[in-house]
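By letter and in written order, the chains are A, B, C, D and E; residue numbering begins at 1 in each of them.
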Amino acid sequence: MGYLSLLIFLPLFFALVIWVLPKRFEPMFQALSIGVSAAQVIISAALYYMYSLSPEGFRFAEHADWIYLQLGTLGSLDIDYFVAVDGLSVGLVLLTSIVMFIAAIASNEIKENKRGYFALFNLLGTAVMGVFCALDFFLFYVFYELMLLPLYFLIGMWGGPNREYASVKFFIYTLFGSVFMLLVMAGLYFSVTDPGTGHHTFNMLHMMDEANYSRDAIFSIGSEQAVLFGLPARLIGFAVLFIAFAIKIPVVPLHTWLPDAHVEAPTPISIILAGILLKIGAYGIIRLCLGIFPDGQVYFSYWIGVIGMVSILYGAFNALASSDLKRMIAFSSISHMGFVVLGIASLTSEGLNGAVYQMISHGVLSAMLFFIAGVLYNRVHDRYIPNFRGLALQMPRYTTFVVIAFFASLGLPGMSGFIGEVFTLMGAFKSESVNQLLPRWFAIVSATGILFGAAYFLWTLQRMFFGARRFFGGEAWHRALTDLSARELFVLLPLGLTTIILGVYPSIIFDVTNLSMNTIADHAYRSGSVYLNMLKVIFGL
Amino acid sequence: MSVYTLIFYFFGLMMLASALYAVISTNLVRSVFSLFLTFFSVAGILVFTRADYLAISQLMIYVGGILVVLLFGIMLSDKNVLELVGRKGRKAIAASVLNRVLGAGLALLLFAVLACVFLDDGWKSVVSESQQAEPIQSTGFMMMTTYLLPFEMISLLLLMALIGAAYIARKPKHNR
Amino acid sequence: MSTIPLEHFLLMSAALFCIGLYAVLTRRNLVIMLIGIELMVNAGVINLAAFGAFETSHHEGQMMGIFAIVLSAASVAVALAIILKVYQQFNTIEPGKIDTLRN
Amino acid sequence: MQAQALHTFPLNTITLLGLTVLLLPLLASALIAACAKLFGKKSHVVALLASIPALLLSMFILTQVWNSSSAQSDIRWISIGTVSIHTGILIDATSALMLVMVSFIATLVQVFSVYYMKGDEGYARYFAYLSLFVFAMFGLVLADNLLWLYICWELVGFCSYLLIGFWRERDAASQASKKAFLMNRVGDLGFLVGLFILYSQFSTFDLSALGISSQAILHGDASFLSHIAVSDIYWLHAAGFCLLIGALAKSAQFPLHTWLPDAMEGPTPVSSLIHAATMVVAGVYLLIRMSPVFSPEVLTTIAFAGAFTAFMAATIAAVQQDIKKVLAYSTISQLGYMVMAVGVGSTAAAFIHLLTHAFFKCLLFLASGVIIHELKHYFEHEGMHKDSQDMRNMGGLRKKLPLTFYTYSIAAAALAGLPFFTGFLSKDVILAQSLYWSAAQGEVLAYLVPFFGFATVLLTAFYITRQYVLVFFKKSDVDFPVFKEPVLVKIPLVLLAACSLFPLFSLHPFSLENSVLAEGLNLDIKHLPLVPLGSVILLMTGAGWAYAIYVKGLISPLSSGSILRKFLYKGWYIDELYQALFIRPVVAVSGWMKEFDTKVIDGFVNFRYWSGVWQLSSAGSTGW
Amino acid sequence: MMNNLNATVLLEQITGSLPYFLPEIVCSLVFIVAIFIDLFTRKQSRSLVPFFVFAGLLLALFFTLDQFRMVKEEIWLFNGMIRLSPAGIIYKLLFLLAAMVTHILSIRSKAIRLAPKGYAEFFIMLPVFIVGLNIMSMSSHLLMIFLGMEMVSIASYILVAYMAEQPRSAEAAVKYALFGALSSAVMLYGISLLYGLTGTLSLQGSTFLANLSKAPEYISALAILMVLAGFLYKISAVPFHFYVPDVYEGTPAPVIAFLSTAPKAAGFAVLFTFIGVFTLPMESYHLVWPKFNWENILVFISICTMTLGNLSALAQKNVKRMMAYSSIAHTGFMMMPLLVFSEMSAASLVFYIVVYVLMNLAIFLLVGHMEDAYGATELESYKGLAAFNPLLSVCMVIVLASLVGLPPTGGFTGKFLVFSSVLEAYRISHNPWLLYLLVAAVLNTVIALFFYLRLPLYMYFRKAEKIYTSKTPLYLLVIMCLLVAGILMAGVFPSELVKWISAHTAETAQIRFK
């Protein structure tokens, strides 16, 4: 039972334990969940450290046969349990465990039906961890869909007033994307043969190199008849995968589920939603879209860049206009993830490294921001920004952490937000001279996003925290709005320190991701343009 | 045109006429009686195909069985079954007329298709009716050898139908 | 006997079938529909018998015919029982009026 | 194109000292912030314990580096792809001088703050922010690569945001801090884009390396660079302009200057340190550091920007009522001079004016700080609700605050550019340089720059004399007892006054010809006898004009209702222009976006109306 | 003499094939003995008949399992009437499983126990229903097919009409019976035409296909259409699905659990044999429809079935009607492998049917229990039920997830196999209609999610008005856990299940291709 399997299935085991334990153990459930996530943090930190010693390629791999369906003489369904981590996913695994740990601690606001809550919480933990480690497309897909049900119930049963609508919308959005992905997965399965066993395979790594594609398959690279609806199959495959993951990121036209889900979800769940779920979309694009369909990525990279840019500006403008704190933070997440998309579209090593860095930094920051929103909401059950004024005097310590979080999110240097944004923009800017994919004005227009970012964060800061003390709830709120409790401080302090440490010395992450992301960037661009030329020759694009 | 063919066409004509009347007439009892005539002429036609066992069983089962059951069913089920369907609203009548025209049109269309297909011959090789000998004996033989399984199964089916129909038709003991 | 061509049988059975179909489609009365169905079955039987006559091994057609008649008798019995039951509940045998389910 | 650093690690002694100077204020700030309760009233001691040694060390470093090779050492910070970005410390003549100037003024301001902020509940917080600011300023000065310079550049902006909005309960303060930070962000955006251009062209951030390679491109000696594409030169222009935008915002030059007058909401020592001497100068420092990168066209734009800002700010300062606002616009005008100096090609002249201006402007602010502080106590004591910063409530303070009066007059003279004062020395060099430059350009429009220069001399003299007269000589009913300035105030005022006299900069009162400073910065002075004479004449007329209006009442001042007065008072309505052109549309667009988001995209997505459609059809289909 | 020589050979064949016919013989005996038990011991034997029938079913189960040992590959019984193949045995097991589950449930369910006219007849019907299903799934002779279909139809009319006392079930029964009789009449006429064209009734061997391809185009198309009408009625595909919602709503849940699974599976079995006739042994996938290409028509029917089933379920308020439309939608999914008819699609069809039977049994048991225990028939009345029986609610969520096709459950593997077999067929034939089919199937999964989600939404997210105290019976929990365990096993470790299935289907498909 290797490290990764332990990491993945530990919460599942505890989820069952919690589900079976008799009623009187209820107060123990949260402690149990915190313990599990703490263990996960330790293990993933150890993994991260061991990986950073020689940050090259896939390590801690575990390979076992899972499903072997013998379907008559024609063929067989050969699915194996294959998990491993490389530079890209080891950081995200660490981030996931940290965010789960924070969310577990933040879950003491959940009062009724703790058993159901913590069982689903740990089940979600398993699914989310599994997604980042899985390297078998079928296993990836199982974990990817396994996330939906727990989240549907977590948002639906413990959420805010309009929770049903939000949870159904979340479920439909994600399922719509992933259902089409199922078809592409099946198509890929039949196109790729495992050089070792000769059977078809779901192994992502085999799907990445051209040799394993059989001549007459649907997604075969050089063949004329790889055609769907008259269009080249590989480009359609790319588009389907991209849309499925774009919904999770989310990019602008497909983003409407995020504000509702975040506003309605309870604080710990919106921490997980922002901290981890958005990264899965971006991780999927880097791992699958760039890996398996590099030609699609090269062909569509201009438009993906446009989508990234639009997300940045659209998120910023909407955040400026939103009067609910959580909705503002949700749109700021869209804007930050827009940088990630831009970084990926540039296919330069700076862009991709910046994108991974931005994902990790945004994970930490959004966890902090939503925890901050949660602190207010637990005290006065209100998130309407104009209702507060002069909180700085009321809750000074809380304000310092808010200042740290807000300034880190708007990209003040010395904190992690800045590094992520600068390097993604640098990659996007440089891509015109390196691989002519994105024009330089993309980076410039996206950089104005940072400006609007500063605008809405400072405007919120100024409206809520500064000026004379005047609360909507009057005297009752004066009493309710106490400063940070020890527990809350225990959560916010490490998060704040991590942002600063990552900001001052980013090599902690870059040294680990650099080599892997370089290989991904080279593979995507070089083989992508080669495949694309083949397609151009055949289909005369 | 021997007298046999004459009788055959007579039976055919009578069958179609009585069937048409059974369907058209609004009075239930009269339509059931014309149905008696239809079944009788069908048995007659079957005789002409040299399937005499078939004709006799048609005669007994349909005319003897089903028709009688239909009659008893109608007789037992009270008087108002017989009165004409009440005057309906003008719109309802229009709807039923439209319905009728549509049904008729569809039926005629199907008939036209079948007719034109049957008429352009050449697809069926005509075989002389050489083996004239003992058709009933061969039927019996067949029943007991190749078709033994359906023969047994049909008995099960009939038993089941019998019990089922009896159960359904039984008056509930206590609810009246 | 041999002078009666196969087509005549088929035409007659086709006509009978269409009359049965017309009955089922248009008539409102359950019993008439049942009759229509019986006519269609009879048309099938005639067809089988007629083809049996002109086939080399004509017993298959007849066999099928016999079984068809017996089967339709059984289903008529059950159908009629159900119709009478319906009659007791609704005092009508017009399907159009029976729409408690489709409210 | 990989430019190797001059020295690799290990730190030689000078850079080690530089590092300690850098880290001292950070340590102090961290210490104060961590145990604010503990230090409480004593936190100024910690701050001073950090800034005094820093001052001494930086002086020692100056002596080491003056007229000898500069010391640089760096370490690998981030390695991305094939490129690895290094960051470290570069100490050469300019940065050492800046280091001394910043630490000297920081120490003095901290001493003054002890008096000014006595009794304020955020006392510890104030000193923590101040020390953090000093650390950021040191970082900016010592940075050897552009990315680290950019990081400190924004940290400085952040500290100014904290300090402007220091009195959190005052709405105006938080508004001003937000405005300052956003305006700086606009500049930083320009700086960032410039940074990207330079990185994607030369894939390095090292200042010296950038300087060398861009000079090579500009002067086209192909030997150094094998392939000079036309686009390279085009992109170098773009980089120049972007860096200029960054500098304009930070040094509050013409298009992005409106935040500085509002920044006066912060405590006066903050204004004196940040908004007079150190932060606002960072823009000029950047232009000086990056001057090799600028192409001739960019330099001309810099010149015109500087000149025009100088003239515009001077006109606005002439009609202001708030004592700090006058000084703020005066700062903008003097910074305009420095930017003009860079534009016309003499970075050394700009640097010297930067130093001289730092001293006398800081003195002016501290002096006005004393006036405001005393007036506020007097008004509160008397229960009069009057704005202690409005000059109309002042007057006749000559007798009341004697030392302030004397030091103030020295500084005012230096600002106006009277001979025997530092202002005269540095300003005339710039004017001479600008005249020489405009002649060299060979087209009439270029003469506009010196014209603005000389016009500003007249206006500077006018508004400083006006302020001098209104504050000290005008009759008024303010009669609180003579205020003996405490020692804490006396030291900074006297020291700064001393620095505003000519000996510190050059022995010869009238020209920097062979002063120590000139050799160190290899300043080439253009001998145009007309310039000093002309400036003195203009100065006299300006002062006389103000004297005539406000003392003798011979000429009536601009009537308050006049359009020109209101136009100038409102800062040429630039603020309102920005409000209309940028802020209101952005808010409107975001409102529209929100509607679009909820109505259109969400509306489309909700399947509600789709399932309704099927309800009709499915109901119909089961009809018999 | 010629006859009796012939006779001895035929009689030997019959006696020879008797041992392979044991399960059906056992069921018939049970049926007959049950009638006598009910007849003679009416009063005190109220509870004897059900136990006796259950014992009979167990015996039949034993013999069917035993048949696995006996039958290694395809055997023709009763001189060509029936074909007993390993795949056929799986179907028989499915029918017995469904019958036993229904049997246990019916003993407990209030609706049947309190039937005014005695409940013994209900249990008597079961064995003969099994016989009918077995015949239908095994037969490959048109006469036997028609006989099997009639047997199953009449048995289901009786079961549906069992509660004829209430107006609702009477109406459902009459619609069902008349519509059934009509479709079997049309089918009979179709069979007669086919007999006329090909001269033989037996589907074994290639004479049927050879003669049919010689026949003129329109008549063979019409004949096949009429025969298909009968089959499509049985699996309730689109043009013949009108009766389903009313019948499902009108009859008690255990009956529906049986009627929605067993007959449909048998329908697919016989459709599989019928379409199987039209494949040529050359390539693994090559359907040669005589003269008239039916593949695109069947694809169109499958798409309509799926889409209409899902969309109308969207608009339903009554849970049973919703489940009715959902089973129609699943028919659409199950038709997909039929069209492409390759070896892989045969195995995926059987797998999907097995999972479908498990799912439908489970969901209708739950719906039935909810109705008995809480009187919850409308969606609204399901509010907050999760609080009262957590275990059952979780089972329901897992079953619903499987109906939608979410990964950890069997439904997902089934759908995945079906999708990949169609995709594989597309790779060979490049028929664009197969792509539209795939896209429609995928979109339907999303639409399906929409209405399946409603149940947990009401049960979990909303609060119940009044407090229910009824306890959930233990037997129901046991059955539910078994069914849900089966579904999850099919999802997480489907290897054993599929190995077992594909081993058997491989032979049948293999033989045809020899």
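Definition applied: contacts are C-beta pairs under 8 Å (C-beta built on N, C-alpha and C of every residue); 3 or more make two chains touch, one makes a residue touch a chain.
Not measured: the values here are computed from a predicted model.
The interface with the greater count of contacting C-beta pairs, when A-E is set against B-C, is B-C. The most centrally placed chain, judged by C-alpha centroids, is A.
Set against the C-alpha centre of subunit B, every other chain centre is closer than that of D. If each chain is reduced to the centroid of its CA atoms, subunit A and subunit B end up 71 Å from each other. One inter-chain figure worth recording: subunit B and subunit C are separated by 5 Å, centre to centre, where each centre is the mean of the chain's CA atoms. Measuring from the averaged C-alpha position of subunit B to that of subunit E gives a distance of 31 Å. Annotation: 41 Å between the Cα-based centres of subunit A and subunit D.
Looking at subunit C, residues 10, 17, 20, 34, 45, 50, 55-56, 61, 63, 67, 71-72, 74-76, 78, 81-83, 85, 95, 102 sit in touch with two or more other chains. Taken residue by residue, subunit B touches two or more other chains at 114, 124, 147, 150, 154, 157, 161, 164-165, 168, whereas all remaining positions touch fewer.
Among the residues of subunit D, those in touch with two or more other chains are 607, 619, 622, 624.
Per the touch definition, subunit A reaches subunit D in the complex via residues 169, 172-173, 253, 256, 259, 314, 317-318, 320-322, 348-350, 353, 390, 392-393, 407, 412-414, 418, 422-423, 425-426, 429-430, 432-433, 440, 443-444, 447-448, 450-452, 454-455, 458-459, 461-462, 465-469, 505-507, 510-511, 514, 518, 521. Residues 2, 4-5, 8-9, 12, 15-16, 19-20, 22-23, 28, 31-32, 35, 38-39, 42, 45-46, 48-51, 53-54, 57-58, 61-62, 65-66, 69-70, 73-74, 76-77, 80-81, 85, 96, 99-100, 102-104, 106-108, 110-111, 114-115, 118-119, 121, 124, 126-129, 131, 135, 138-139, 142-143, 147, 150, 154, 157-158, 161-162, 164-166, 168-169 of subunit B are the ones touching subunit C in the complex. Here subunit E touches subunit A in the complex through residues 284, 342-344, 346-348, 397, 401, 406-408, 412, 415-417, 419-420, 423-424, 426-427, 430, 432, 435, 438, 442-443, 445-446, 449-450, 453, 456-457, 460-461, 493-495, 498-499, 502-503, 505-506, 509-510, going by the rule given at the top. Here subunit C touches subunit B in the complex through residues 1-4, 6-12, 14-23, 25-29, 31-32, 34-36, 38-39, 42, 45-46, 49-50, 52-56, 58-59, 61-63, 65-67, 69-78, 80-85, 87, 91, 93-94, going by the rule given at the top. Contact residues on subunit B toward subunit E in their complex (touch as defined above): 113-114, 117, 120, 123-124, 141, 144-150, 153-154, 156-157, 159-161, 163-165, 167-168, 170, 172-175.
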